[in-house]
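Take a look at the structures listed below.
Each of the next two complexes has subunit A plus one more chain, namely subunit B in the first and subunit C in the second.
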Partner chain A sequence: MSGMRVNKYWSVAVLALLVLVLPRFVPSYAAFELTFVGAYAIGILGLVILTGTNGQISLGHGAFFGIGGYAVAILAQKLGVPFWASVPLAAIVSGILGLGLGLVALRLEGVYLALATFALAVATPSTLKHFKSLTGGSQGLAVPSLSPPGPLHGVITSEQWLYYVTWVIAGALFLLTSIALGGRLGRALRAIRDNEVAAISFGVNPQRYKTFAFGWSAAYAGIAGAIVAIATGFVSPDTYTVALSLALVTGAVLGGIDTLWGALLGGVIVEFLPLLVQKINPAAPSVVYGIALVLFMIFLPGGIARSIQAVIHPLRLRREIHHARS
Partner chain B sequence: MNELAQQIVSGLATGSIYASMALALVLIYRSMGVINFAQGEMAMFSTYLAWQFAQQGMPLWIAFPLTIAIAFAGAVALERVVVRPVERAAPLTVVILCLGLLITFNGLAGWIWGYTVRTFPSPFPTTPLHIGSAAFSSQDLGIIAVSLLSLGAISLFFGKTKLGLAMRAAALYPESSRVLGVRVGWMLALGWGMAAAVGALSGLMVAPVVLLEPNMMQGILVYAFAAAVLGGIDSPVGAVVGGLALGVGLNLIGAYVPVIGTDLQLTTAFGIIIVILLFRPAGLFGRRTMRRV
Partner chain C sequence: MPALLEIRDLSIRFGGIAALSDVSFDIEEGHVAGLIGPNGAGKTTCFNCITRLYQPTSGRLAFAGDDLLRHAPHELAGKRIARTFQNVALFDRLSTLDNVMVGYHVRYARGAARLRSDDGGRRAALEALDYLGLGEHANRPVRSLPFGTRKMVELARALVARPRLLLLDEPASGLTTAEVAALADVVKRIAADYSATIVMVEHHMQLVMNVCDHVIVLASGRKIADGPPEAVQRDKGVIEAYLGTA
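After this line comes the complex of A and B, so read on.
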C-alpha cells in the first residue's frame, strides 16, 4: 500500500513538472489546446464526484458549463469584473443553481434523473437565446481575453498565460477533491451510492450529501465553462448543446468515472479525440464516441459503478470477483 | 373561436407525434425498465432512409412502409446484438449504452447525409380542408389520422392477439412467462422493433414540419419524455393522452401566452417533467410503485 502511495506522489510530481515545462516545447496553439484539456478535466471531475462517487447521473452538465461561461461574459462585459473575481463568482452562481437542481434530484432516481437532466441539456440553448437582454440572444457575448500580468509581458503569450492559470486552477481543484474524497466526505458519498439505506443507518444524511454533491459538481462545471469561454473569446447558445453534455459524460465514462485520473484522461479524450478523427469526417467524432460507449458498456457489464471500476482497475475488480467466489 | 379550433387541431397534430414517440418510449420502459435515449435518433435515421428512397424515385407509398419495416427489423437486430448483453445490467449501464447509440446514430446520419437541412416530402395534400368557416391544414389532419390509426392498431395487437399477450406477459412476469414457454428474449426484441417502427412513423410525420437534419428529433424526444412522464411512464394510454395534452397545451401557450411564446417551449417541457416527477411521479395513468427495503 505504501509503495502504491509513493508511486502516486511520484506520478503527480512528474505530471506537474510536465505541465510546467510543456509550453516551452510545444507551439502556442498546442498550449491553447492543452488549456481546453485542463478545463474539460475540471468539468469531468465534477462528474467523477457526482456520478462516479455519489451515483447520481447528470446528462445536463453542459448547462452548468454554459452558466459558468455566461457568468464570466456578463460579469466582464456589463460590470467590468476582472478575471480573478469572475471565475470564482461563476463557480458560485453555477454551484448555487446546482444545489437547486440537486434538491430536485433528491426525489428522482436513476433513469428519471437521467431523463430530467437530458431535458435540461436539450432546453439550454433555446433558453439562453430567449433572454436576449442578458445573454445577447443567438449571437452571444464577447469575452475579453486574458493578458499576462505586467512583469510577464513579452515573456509569455496570452495563450501560455491562460494555460498556466488553467492548470494551476485544475491542480488546486484536483488536490482539493483528492483530499475531500479520501476522507469522511468521500466515504459518505460512496456509502450513499452503494447502499443508501445502509448509509442512513450509519448516520449519514443522504439528502444533505446528495444535494451538496450536485452543487459541488456544478461549481466545477461552471469553472470549466468559464475557462473555455475566456479561451474561445465568446459565448453563444449553440456551444452549450446536448452534444456538450454528452461529450462530458462520454469523457467521464471512457476516462473512468470514479477516479481522479479518469477525469484527467477524460479531458484529454474530449479535447483530442475530435481533433484527431474529424479529419476523416466532421461526423467521425460522434461515431467514435458512440461506438466506444456502446462497447464499454457491453464488454464491462455488471452495473455502472462496477463496470466503470472495471475500466480503471481491471485487476482489482477481478480480484474482488475472485474473493466473492472463493 | 375558429382560430382557437385551428390552434387545437394543430396542437393535436404535434401532440399525436409526441404521443407516438412517447408510446415508443413506454413500450421499452415497460419491458426493460429503462428509457431508450436513442429512440429519437433511431427515428431520425429511419426518416433519412425514407428520404434516400424517395430521392431514388421510389413512390412514397412504397418508401414509407419499407422504411418502417427496416426500422422494425433493424431495431430487433440491435436489441439482439447490442442491447441483449446488458439486459440484466443496472439501469444506468443500459442508459449509457442507449446514449452511445444516440451519439452513434446522430454521427452516422451526419456522416452519410451531412448536416444540411433538407425539405422532406409530405404524403398529405397541401390544400387546407374547410370545415364551416375554419380552415384546417390537411397535413395536421393527416398526421392525427395516421397516428391514431397506428396507436389503435397497437392497442388491438396487445389486447387481442396471442403474441401481444405473450409480450405483455414477458414484460411483467419474465420468469413465469419463461416457464410457460414464452421466449422472453425475443419478446423484448419485438418490443424494440415495434417501438422503432412507431418512432419511425413519427419521424416520417414530423420531418415535413421540422425539416430533415440529424438533430431534428432531439426536441421531439424531450417533448415525448414530458408526454410519457405526464401520462405515467409505464402506461401506453397515458403516453397517448399525455402526448395529445402536451401538444395542445404547448400550442395554446405558444399562441396566447407571449411571455413563453415558442422559444421557451423546450424549457416548459423541462419544467413539466420536473414538476410532474416531483409532485406526481406516477403521472396521470401510471402505477404507483412501492419498494420494500
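After this line comes the complex of A and C, so read on.
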C-alpha cells in the first residue's frame, strides 16, 4: 500500500507545486483562464460523484452553477456578505436544492431523469429573468471582485489572488472527495450504480445515498458557479443556458466520468475546447463538439483519465492487495 | 424455542398469477434446509418475500421473533440475513475484492470511522475470498471471471455480512460436476464455521439429499411436502410433481 500512496502523493505534490508557481510563468490572462479551469473542475467533480460513481444522469447542473453564482451576487450586493462566507452559503443553498432534485430523481430513471434535468437547464435562464427584484432580470447583477488581503496588496493582482483561492478550494474538495469515495460511501454509491437490488440486499439504502449524491454534487456545482461569478464580475441569466450544462457533461465524459483526474481534465476541456473548436471549424463549432463526444464514447468510453490509468492501475492494485494480506 | 424463521400463510399474486398460496414452514436455527420444486414453483419468489424485495399479498414472516414485514429491504442485512441470487447479481464494474467488501457495509463501526478506515472490511473480504479459495481473483474485475467463480464471489460477499440466515438461490446451477461436489462441502463447512442457518433453493437432488437436514417442496405456489430428505424423497405427491403426471 505504501508504494501506491507514495506515487499518489508525488503526483499530487507535483500538481500543487505547478499550481503554485504557474502564475509567475504565464501571462496574467492565462492565470485568469486557469481560475476557470479550477472552477469547472470542481463542477465536473460533482458529476463524477453523481454520474460516474452513482450512475445518475444530470443534464441540468448548469442550473446549480447559476444558483451558486446568484447566491454570491445577491449576498454580496444586498447583504454585504464577504466571499469567505458567501461561497459556503452558495454551496449550502445549491446543495439543499440539489437534495430536492434528488428526491424527484428517485422517481425517474435513465432517459426520464435526463429529460427532467434537461428541462431544468432549459428553464433556468427564464426563471432567473422572472424574479427581477432579486436577480436584476435580464441585466443580471454585478459581483464585486476579490481583492487580496492586506499583506499581499500590491504583491499579487486580484486575478492572481482569486486563482490561488480557487485552487486551494479545488485541492480541498478533491482531497475530501477522494477520501469519501475511497471508502464505504463510495463503494455504496458504486454498488447502487451497478446493481441496485444487490446493493439493497447488503444494507445500502438507495434512497438515502442517491438523494445525498444529488445534493453533494449540486453543492460542488454551486461552489464552481460562485467562483465563476466572482471571476467574471457579474451574473446574468444567459450565462446559465443549456449550453453550460452540456459543456459540463461533455467535459466529464471526455475527461473521464469515474475518476477524480477525469474531473481535472474535464475542467481543462470545458475551458479550452471551445477555443480549439473555434480554430478547427469556426462556422459550426457544435459539430466539432458533437463529433468529439461521439468519438470518445466509441473509442475511449472511460475518458482520457481512465485510458491512462488502464495502463498503470493493474500493477498498483496487485501491490495494494499484497500489502493488505501481509 | 420458536424456529429462527417462521413463515405463515404466505401468499403473493402477480396480476392473475398466484405465485405463492398460503405457504407455511419453519426453519430451525442451525439447519441446512432445501427449498425445492419444479421451475416456476415460487422458490425465488419466496426468497424475495423474505428479503422484502417483494411485498406479500398476505401472510406473516418472522425472523428470530421479529416481524420482517415491518422492515424495509435494506434493513435486513443489518438483521444478518444475506443471500445470493439465481442470476448472479454482482457489481460488474467493481473488482472482486470491492464486490465482496460491499458485504461489509452494515458492519462498519458507527461514526466518523465510516468515512475512511477500510481495513476491517478489506481484511474480512480477503478472508472470505481465501476461505472459498478465490484469493487469487481479488484484484480482477469481477465481470472477467467465469460464471461458476462469479457465483462463488456472491457467496463470499454474503459471508462477509456474517449472516445468521443465509439464502442460496440455485448455487449449483451452471457449475461443473467437480464444482458441485466441492459445493456440497463448502455449504457444510459454512454452516459449521459461520454458525449460519442455510436455506438453499436447488434442483440438484444429490446435492440437496447430501447436505440438507430438512426439505420443503413447492409446486405451483403451494407447499406439497415438508420433512426430512429421505421422507420427502419417497413422497408420492413430490414424485408426481417432478414427473409431471398432469
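What we mean here is this: the second predicted complex is superposed on the first by the 284 of 326 C-alpha atoms of A that agree within 3 Å, B and C clash if a C-alpha of one lies under 4 Å from a C-alpha of the other, contacts with A are read in each partner's own complex, and residues count from 1 in each chain.
By our rule, contacts are C-beta pairs under 8 Å (C-beta built on N, C-alpha and C of every residue); 3 or more make two chains touch, one makes a residue touch a chain.
Because the structure is predicted, anything quoted here is derived from the model rather than measured.
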First (subunit B), second (subunit C), both or neither touched by A:92: neither
Partner chain in contact with A:201 - subunit B first, subunit C second, else both or neither: second
Which of subunit B and subunit C A:185 touches, first, second, both or neither: second
Partner chain(s) touched by A:12 [first = subunit B, second = subunit C, both, neither]: neither
Partner chain in contact with A:277 - subunit B first, subunit C second, else both or neither: neither
Partner chain in contact with A:193 - subunit B first, subunit C second, else both or neither: second
Subunit A residues touched by each partner, larger count belonging to subunit B or subunit C: B
Overlapping contact positions on subunit A, where the subunit C interface meets the subunit B interface: 197
Interfacial residue positions of subunit A with respect to subunit B in the complex: 57, 59, 104, 107-108, 110-112, 114-116, 118-120, 122-123, 126-127, 129-130, 197, 242, 246, 249-250, 253, 281-294, 296-298, 301-305, 307
Touching residues (chain side subunit A, partner subunit C) in the complex: 179-180, 182-185, 187-188, 190-191, 193-195, 197-206, 314, 317-318, 320-321, 324-325
Subunit A contact footprint on subunit B (complex, rising order): 33-35, 37, 82, 85-86, 89-97, 99-111, 115, 214, 218-219, 221-222, 225-226, 229, 261, 263-267, 269-270, 273-274, 277-278, 281, 293
Residues on subunit C engaged by subunit A in the complex (per definition of touch): 51, 53, 72-78, 82-83, 85, 89-95, 97-98, 101-103, 105-106, 108, 114-119, 121-123, 126, 138-139, 157, 161
